[in-house]
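Next come two complexes built around chain A: one with chain B, the other with chain C.
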Partner chain A sequence: MDEFAWASAVGRIRVLEKGLLSKQELNRLAESRNLEAAIGSLRDSVYGPYFARLENVEDFDVALERFLADSYAYIGSMAPEPLVITAYRARYDFHNLKVFSKSRLLGIPREDKALSLLGNIRPEDFIGFLDTIDRDRDAGVARDTSLEDEKSERPDLVELKSVLARTYETLKSRVVNDANNTLGLSPLELDSLVDRAFYGWAQGVFRRFGYDGVSDFLSSEMDILNLKMALRAKRLGLPCSLFSNLALPEGNVPSEVLVDAYGKDGEKIKLAYKGTPWERLASEGVALLERGERLTAWEKSCDDALFRLIKKARILPLGPEPVIGYIAAREAEVKNIRIILAGKQSELSAGEIAERLRESYV
Partner chain B sequence: MEIRVNATRQELTRLKARVRMAKRGHKLLKDKRDQLMKEFLAIVHESQRLRQELEKKLSLAYKSFSLARAVLSPPALEEALMVAGGPEEVSISYRHIMNVVVPEMYITGRSPAQGSQPEEGRVMLPTYGLASTSSDLDDALAQFRGIMPLLVRLSCIERTIQLLADEIEKTRRRVNALEYVLIPELEQAVKDVEMRLEEMDRANASRLMKIKDIVRAH
Partner chain C sequence: MFGGLTGMLVLFGLLVSFLALGTAAFFGEVLGGNGIALIGAGLAVFLSGMGSTIGVGIAGEKAAGITAEDPEKFGRLLLLQALPGTQGIYGFLVGFLAMFRMGAFSGGMNLTIDQGWQFLFACLPVAITCLVSGLYQARVSIAGMDIVAKHPEESGKALILPAMVETYAVLGLLASVLLLMFAVKV
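Here is the complex of A and B:
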């Protein structure tokens, strides 16, 4: 852990934070007449150059993704310990792994639109990377040997590729083992395996570096995700045996406790979260579940609660937390802009859009 | 087209029988047409009601989907929807409406009332991870699933309407052909034959009177 190494990056982040859109600016955006007017309002912001390049305003997602990709690239270049940022950003690499695995292992036609450009590894390089794994496996070469070729690569990427390769191999072995089973590896299980691999590895990286703030944030994210998944799985009527494969194991609330509670009733889920900062959220969620109501507003409350946690990074002078906080802030901002623009595109009322807007960082 | 027949009593009897038969057929076809119209109108009303219900549900489902789309990034949404849900089996049987064979379709294991609910004991597994998606997506997909039985029912009803409309059109043509062509022509032919026979009777009578006069004169 070398918090002082992040001093320069934190200084630059403080400058970048000035460009974040405030709650009032987002609300003004939500009140725009239509999609064109909303995009017009963004022209003076940091998003301006990205929207100016669009031929069709309906393709706003392209502009937002390009903006996030550039932001990630810039932040990655200033990070003194790149693996910390690489690990946080790796969620998009694992997302791409899901897409490629579904197409390669489950025989589903690949959707290029499903590939994210935000990962550490570009999608076109990802294909070559998976081809190498498949070739090595067919040739019976151990994975570590082939990684020798990657010595010229950045160490953070080598580690990421190694964990991606392991996850891919696990998925492959599951599919092969289940070849005679008519159910095979379901897409739900595949996604869950990849999610667990990502969170497990990212948490390991943050703990290894000793950055408790980032590690706590990730644990909290997993707690919230587990809670959301438990309630959704209950609504969908998924059996406890299946939920045990979905729950992320690195949260503050042990996954075994949650799985055990899931097998019983809603009250037990509330008890599992008793004494945690998410106790109230758990109670509200369980109440909604019991009344059979929609979880949309509650999910927004969960996102806001998590966001309030990362907002604490704004007062930290050193360490990777302000940098991660800024990335999370930009992601949340892009999500808010997408909610507004997609809402305008679908002609939703300003009220309907506003009630879905997440908290902003500034 | 004029019906050409020999002016004989036998032909007259035959023509009268044809008129009776045509009138009976006309009445039966008219009854069939009326009954078909009754069925048709009932099904059209049902179709209108279903269409309205479907449009309402579709608009809600699309709205839910727009919201789900707004909250998720496009790659996340595309990835979640890469795998289609389990296949739905549609069973088809047939029934008769006034001798018109119309299809009856329904999704196996789901009555229209069940909507999005899976059949008992069967859990609909999502085809996407729960960590990277939102409940809005579950709701939108459940709504679309609920629409499926309605869509199948509506398609079945629309096909029935098409078949009934074809049959009504055919029956209407037949009724009109009988009412405005065949029956008047047959009646005209009967009238013509009767007139011809009467004329022949009168000619015979006058011939007989003439012969009588000649015989008396001698």
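Here is the complex of A and C:
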């Protein structure tokens, strides 16, 4: 672990943090007359150049996604250990892998809108990357050999691509096409396999570098995801055998304990989270589930709780945590702006929009 | 205390001190009083200089990062970067004073082994306190730079916090100077 190596990057991040929109600024944005006025207010911020390029204000999603993609690239360029940022950003590559795999392996029509521009690999390059894996596999070429041409590439990307390739090949091997074209892999299981591959690899990277803060955050994220998944699966009445395939294994709450609790009742799920920072959330979620109420607001509380954990990075003077915290802050900010602009587009009131807003970093 | 890179560096400094003491103890007869005394002066300069070099270096990296995004903050950051540099000066002063008291500049160094040990121990307070305080003052300076980056109007507070760590480097300096001036019998 060399937290001092991040000193310069953290210094730059501290200045960039000053450009983040505060809760008050977001609320003021929500009070704008209409979508055009809201976008007009953003033209004076860092988002200005991105909205200026839009021909149609309704395409605000494109501007926001481009802004985030550029922010990622900028932060990646200042990171002394690029693999750490690559691993955090890889969640979008794995998301794109899900989208492409579903269309290639399960025959589900692909919606290009579902693809993310925020990954380390651009969606258009992803297609070529998967084609190469398919071609190599058909030709019986070992994956390591085909990676020869990637040696000129950044080592962090080579490692990511190798994990993505392994995951894609695992998915392929799980799809069994018989005479009736029966699928051996459901979309839900495919999502779960990809999520496991991402979290397993990213956690391994953070542990390899010895960054406990980032590693703990990822474990907490998995705890929250598992809790949300457990309650959603309970509501859908999914069997325990299926949930055991969905639960992510590297959280602070061992997946075996959660799966065991899932097989019993809601009380046991609460017990599984006892003593963790998510104890209260688990109790509230189980209570909502038992009363048959909607989980949407509770899921927002889960996201907010996780974000409060990230916010602790604001007071750390060194290490990758403030850098990752800033990325998460920008993502949350973009999510909030999207909520506001979509709300304006649907002509929601400022109060209704404010209710939907997530926590902000500053 | 020995966790992280700062702790490892402190541990390294302490090991160097023990190694120096061990060398003086085992090879005292060979080194003689002059050799043991010079090990003490060397430790004062080397360890405090090491604390300052690393401290100023890391603080400089962070200051450069902030300046890259906001060049107007350079002046305020420079003060914070310079703070961990004082320890190296204290160590050099003690090393210089020790050599002066030994008679190294007048060409008349002829110390007994007992006198050599006195010089070595007199130099240790500044050597160890300056190594530790240099590294930890750098950490506080680095954290203080966050204040300058986000609230430049509060830069004064950012200076006071690392200055508190300086107190203990000054105490180490005083202890070594007093020992060299009044306790060491030449």
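We adopt the following convention: the second predicted complex is superposed on the first by the 355 of 362 C-alpha atoms of A that agree within 3 Å, B and C clash if a C-alpha of one lies under 4 Å from a C-alpha of the other, contacts with A are read in each partner's own complex, and residues count from 1 in each chain.
The rule is short, and it goes like this: a contact is a pair of C-beta atoms (placed from the backbone, for glycine too) under 8 Å apart; a residue touches a chain by one contact, two chains touch by 3 or more.
If you're wondering where the values come from, they're calculated on a predicted model, not measured in any experiment.
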Dominant contact partner of chain A by residue count, chain C or chain B: B
Touched partner set for A:E3, first chain B, second chain C, both or neither: second
First (chain B), second (chain C), both or neither touched by A:R330: neither
Which of chain B and chain C A:D195 touches, first, second, both or neither: first
Which superposed partner A:K234 touches (first chain B, second chain C, both, neither): neither
Chain B versus chain C as contact partner of A:E17, first or second or both or neither: second
Footprint overlap on chain A, where chain B in one structure and chain C in the other make contact: none
Of all residues in chain C, those that touch chain A in their complex: 4-5, 58-59, 61-70, 73, 139, 142-143, 145-146, 149-150
Chain A residues touching chain C - in the complex, by the definition given at the top: 1-4, 7-18, 78, 317-318
Chain B residues touching chain A - in the complex, by the definition given at the top: 62-63, 66-67, 69-71, 73-76, 78-79, 82-83, 123-132, 134-136, 138-139
Partner chain B, residues of chain A touching it in the complex: 61, 65, 95, 98-99, 102-103, 106, 108, 111, 113-116, 186-188, 190-192, 194-195, 225, 228-229, 231-233, 235-239, 242, 246, 248, 294-296, 299, 335, 338-339, 342-343, 345-346, 348, 352, 356
